[in-house]
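The chains carry the letters A, B, C, D, E, F and G, assigned in the order they are written, with residues numbered from 1 in each.
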Amino acid sequence: MDLSTQITYFISAVIPLYFIAFILYFVRILRGPTIPDIVIAIDALGYDLAVFLAVLAILFKSPLLIPCPIVLALWIYALDIYVAKYLEAREIGA
Amino acid sequence: MMPDMARFVYNSLIVILVFNTAISLYGILARPSLVKKLIALTIFSDSLNSFAILVGYRLCKGFEQPVPPIVTRIPPTQEHISKLIATAVDPLPQALVLTAIVISLAVLAFLAALTLRIYYVSGTTDARSLALMRARAAVEGE
Amino acid sequence: MYVEAILVFLGEALIAIGVFFDIIASIGMLRLPDFYSRIHALTVGTIGGAVVPLIGVALLALGAPFLGVYRLYLAGAAIITAILLLMLAPTGTHVIARAAYRSGAAKPLYISIDELATKSEGRGGEKR
Amino acid sequence: MTGLVALLLCLIMGVISLIATYLAIVERDLLKALLFSAVQSTAYAFIYYSLAAPDIVLVYIPVAVGLYPLLLLIVIKKTERYERP
Amino acid sequence: MDLEALVIASMPLVLAGAAFALPMIRLAIRSKEFFDLYAVFWTGIAAIVTSYTVIKVWNIGKPLLYTLGGWPPPLGIVYEIDLVGAVLAALTAIVIFLATVYSAWFAYRFEKRVAWYYTLILLLEAGLLGCMYTGDIFNLFVMIEVTALASYALVAFYRDRLIALEASIKYGIIGAAATSVYFLAVVILYLSYGTLNMADLTLRAHELTTLLGTKLGTEVYTLALSSTIALALSLWTFMYLAAIFPNHFWLPDAHPEAPTPISAILSGVVVNVGIYATLRFFYTIFSPGSVLSTVTIGSLALSLRDFILYVAMILGAITCILGALLMVVQRDVKRLLAYSTISHMGLIFMGLAICLDTVAEPIRVLALAAVVFHTINHAFGKSLLFLSAGVFIDITGTRDMERWREMKGVGGDRIAFSGMVTGSLHLLGVPPLGGFFSKLMLMQAFIASGKPWLALVLVAASAIALIAYIKLITSAAPLISAPQTTKRSPLAILTIVILIALCVAPGIAYVAGYVIPALQKIASLTASTHGVRAYIEAALHAAEVLTP
Amino acid sequence: MSAYRALILVSMVVFALALSYALTYGILRLEVPLTLRDLAKLYISTTFNPLKRELSAMTPEGVTAIVWDYRGTDTFFEIVVFYGAIIGSVALLGAVYRYPPGPGLSLIAKTVTRIVATMILVVGAAIALHGHLTPGGGFQGGATLAVSITIALVTFSLGALMLRGLTYGGMVALRSLGLIGIVLTVFMVVIASLTAGITAYVFQNQPKPGVPIGMAYSVDGIVFSGTVWFLNVLDAIAVAAGFALLFIVLIGGGVEGERE
Amino acid sequence: MMRFIAVFLLGFLVYIVFTGSVSLYDIVSGLAVAVIVSAICSRYLVRDERKLSIARLGHLISFVIRFIGAEIRAHADVTKRILSDIRKAINPGIIKIPYEVQSDYAITMIANSITNTPGTAVVEIDPAERCFYVHWLYVKTYKRDEMKREVVSFYEDYARRVFD
């Protein structure tokens, strides 16, 4: 078995595990109960999804897909601080 | 068996997108809050965009995943280009969706500003109260 | 050849660790009782479950024979993402926890000692 | 084979997006609705990624996960948070 | 290649560029006069260029095709300007030019926001010209969005009036959804035909071959059904844009609330986008003989195309009557005029829907000629009415006609009053004016196609509208009995006089016998089989020239 | 009211069922295609092909080639729509020249944002500058630059940033410069060819049959794809400034802040 | 000038690593981007130029190596707690941890290291009283100096060496 098939098998085995994690996170998003709970669940989902995207780039053998995870991670952080600002401050601009 | 499965998954995905479209259209038409209408509007246009991307998708020989339509060898040989044709997805829907996403963002930005202005003027973002206030203002004249 | 194989195995091992921590984190996210304890599950998910496998992806990409000239590109972007995550994830967590505490959006339910409550007396509930 | 895997992943994410869309529409707390729509956008971004459209992902994630929420958060913050029944 | 074609095709881009520069200029220059001059200058140039386009296309006798970027048609975007498009574009540019001149007087009330006002007008004009010029269905979507966004912003321009803001958001939210639906239609067309170019689509829908010379593989039946879905979806969007029942609800709120010159532009020319796009789809892409005509609905014995057209026709008739009826009960003068727009749009849609498979070609040409003529007349008449009503509103300070009657001692403007009378008679269809002849032509088309009930609808709507126009005139008449007290604006009067002339001129020209041959030529270049062929040939020629 | 909602609900259900029937097994019988459409084949075979230079966009990235070259007009007017949205918002809410500085978020967030914003600026510039080679392009890069601006805006507060150079006027000037640059780039080849006495096409990039004038696509083996590169860079600047402007107006416009 | 060069190097490094190639185009455009970015940002990034030195970088690297060990222990601990009976396994509390470092970067480094270790997370920071408020998943001790040793461990030493 050469390296490339081995990598393919390994990643194919990993994918369902990732999806179990995603679905469990999603259950937490659905159950809430408060806004910060949802936000941190989205955080976890987003960061893990970013990793998953990087893993998939190897599975699909197209390295050109790789800028996507970085952008996703950045924006999840942005979402965090937006919501934090909303909860914390009197107005968004302050 | 594999063609059937591909076809089933593809069509199920389309059905899901259509249902998303319908749910968000319900949100646009029936929910009273203007902000909720805007949220629904984004989902609506995104679902249609996803449909466009799905139209541009294809599978390669042996049901392999295609690659993005990018020439990776510079300068390419004829052989390289024909390999790309055999494995790349359709770039045109992607370009169309790019344009459509930006356009819907622009429209949403304007509508958000408008909602804000409506709140400053009237003190509400509820479509029903707005309709009432409007009717009252129209009766009272200028 | 051997170098490549070693890189690939290392990468796969790191990814496997990452998946393990992801699942732990998601279970913790469900099982832990209140918002403030779930933060720790999030940390497990981001450091163990995201930074580690991203380094794994970088190693895997360096070792993967089929990626051609673009393997450096993949590895570089993965490492940059990992470094950014190391800074972004804790800050995001801190910011959201602080906002949750200050605004009272999430109350600590199970808590043995709360030294912040005594400090922020009278400053707590103003933000509703 | 990998193509089928990609399509299946899309399908699962599609189901997640369907649930998120439904919740985003029926939820009366607009902030929660916004977060649900962010989840839906993330799922869509994954779908675009699996359908080999990195350009779209790069433009869609900033727009739908980052800019829409800020835009609408500003609006919600300056107006009202709960939708009237 | 051709310098003239270059100038014509770059007109929308240049207008957008002119709009781009304004905010930066505003950082340095704050005087209102400068912005007035700037806007009048660019819209004037646009009016000249588009009028010249009509002459040029008339002379070459086939569609003028400009390939943007030099790409052969199915690859790139083309501007394909046939006579109908050129005429409507010239109409647009002229009306916007006049409204801008009027704005030079009117815009004093916007104080510091006047630069944004002109920027939006320039964007609106760029979008409208692009809509009329483009030969690509996706580009049409983008241009519709440009137009729509500028319209929303202009409707909400009185930012302290709740009614205006509410009208704008209603228009905007449903409008954004409607244009997205058109995007879905574009995607479905691309899915089944594999192209976005209008000429290429026409070729594929008629002969199942492509501009590239290959055969289309899909079954005819599937193709016809998918085209039907796409056509139904896009027709819904166009009906929204043209305010056809049941999508008319936004117009009577949105158009009156805009500033008066904008009301004139919106009611006069922006609604024409819906008309023009429908015309493109039914007269060119899916003209008789396309795949849509080959599949019939069993028990009705109608082809799919005819079925859609009958639906459009019935909706048009309902709109026509409904608009006229609601016109009568209005007290607000601008609202009355907005309902009049709805009524006329219904009328024009009825005329458009005549192009059934079963109707002979000369009659289709006649119907299109009537539609174009009526669109022109309606644009001039409606903008004349709005602009002269604007003068009255400025004098009296109210839009309520009942209160106009009670105002004693407030002097109205006589020229504006005569403009109002002329406009009313023109739209009503009184013989020496142009409106009569366009309604006559429409009536001829209805009767010749064997649908006399449509003619009845026309007459009934006109009769109902008569009551409303009498109400309008009689409320304005007491005002002019007193001598005018306020200062009259030469610019406003100038535009009103020009528009009066533009209303009278078609009638005179018709009587003198110039109009019918001209309209015949305009319409036959689009509606006849020969015209459709010419449309395709232009694209084929360009593809041949540009492929090395 | 409930009857209205029920009506909409029923019609939506009908709409969803009908459209999904029509698109899937019912009428269109869609399948995942195993080959490309003719047009797509043409696009991919000409996107970077030095052998057919007169029919090639000379841009390795297929999507960017369509966005900025084959169908550049679409993208141009897409920018116009975005511009119109910003102008409309400014017209509604008023320009903002000054805004009181606020406390911002915590010290940790401020420190991290300083580093991260710098890194994001670099990443955004990389995405925009490699738009013709790898996925990305002007809008993507500009949106990523806008992340940097928005997270700074949220962490440090609008007033604090306005004191440090993120002013309304500056952003207007930057945006207008970008947009005017785009217009000039669009007409660049035309202007060049008019001085040589022939007429080129609007949006032209590479030489075309009958028009031997065009942009060079590479210098010393560095591929930059002619006008596509300029358009990407200018678009990134314009988009970043546009987002900054939009958020300045949305946050500061209206009740608070000093307006014109 | 030093600060300009430091930020320039950071920008250039990120650019090159992100693009993952060192062709002429990347180097030229990377130089240009790095110059522009450092011209904009260097004023805000580096307050005190004298602190930039190679020795501090070395401390940072040795910190990273020790930090990995701490991470592994913390992960194992939290994993065990999550998988066992949850109510008994945790004993959460928000405690006050004082710090002594001066610069913003040092404070941030300590705080982020604490948050990055599963089991502890900084909830609030009070610059006036110079203390963090840390949420601790399992409060082992209520003695203040032991708490500090457990939570902060070696982070503060390294933070002082690297940034102060």
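Throughout what follows, a residue touches a chain if its C-beta (ideal position, glycine included) is under 8 Å from a C-beta of that chain, and two chains touch if they have at least 3 such contacts.
Quick caveat: nothing in here was measured; it's all calculated off a predicted structure.
Taking the mean Cα position of each chain as its centre, E sits at the greatest distance from chain C. A comparison of the A-D and D-F interfaces places the larger number of contacting C-beta pairs at A-D. Inter-chain spacing, taken between the CA centroids of chain E and chain G, is 62 Å.
If each chain is reduced to the centroid of its CA atoms, chain C and chain G end up 14 Å from each other. As a whole-number value, the distance joining the C-alpha centres of chain A and chain B reads 21 Å.
Averaged Cα coordinates give chain A a centre that lies 48 Å from the centre of chain E.
Counting partner chains per residue, chain E has residues 138, 142, 145, 149, 152-153, 156, 159, 191 touching two or more of them.
Shown for chain F are the residues in touch with two or more other chains, namely 19, 23, 30, 32, 37, 39, 43, 61, 63, 70-71, 74, 78, 81, 84-85, 88, 92, 105-106, 108-109, 112-113, 115-116, 119, 123, 127, 134-136, 139, 144, 147, 150, 154, 223, 246, 250-251, 254.
Multi-chain contact residues, meaning those touching two or more other chains, occur in chain G at positions 14, 18-19, 111-112, 122, 124-125. Touching chain E in their complex are the following residues of chain B: 25, 28, 34, 37-38, 41, 44-45, 48-49, 51-52, 55, 92-93, 96, 99-100, 103-104, 106-108, 110-111, 114-115, 117-118, 121-122, 130-131, 133-134, 137-138, 141-142.
Residues 1-3, 6, 9-10, 12-13, 16-17, 19-21, 23-24, 27, 66-72, 74-77, 112-113, 116-117, 119-120, 123, 126-127, 130, 138-139, 142-143, 145-146, 149-150, 152-153, 156-157, 159, 191-192, 194-195, 210, 212, 214, 222, 225-226, 229, 545-548 of chain E are the ones touching chain F in the complex.
Those residues of chain F that touch chain E in the complex are listed here as 19, 22-23, 27-30, 37-39, 42-43, 46, 52, 54-55, 69-74, 76-78, 80-81, 83-85, 87-88, 90-92, 169, 172-173, 175-177, 179-180, 183, 186-187, 190, 199-205, 208-211, 260. By the touch criterion given at the top, residues 2, 5-6, 9, 12, 16, 19-20, 23, 31-32, 35-36, 38-39, 42, 45-46, 49-50, 52, 54, 57-58, 61-62, 65-66, 69-70, 73-74, 76-78 of chain D touch chain A in their complex. Looking at the complex, you find that chain C touches chain G at residues 21, 24, 27-28, 31-34, 36-37, 39-41, 43-44, 47-48, 69-70, 72-77, 79-80, 86-87, 89-91, 93-94, 97-98, 101-102, 108, 110-117, 119-120.
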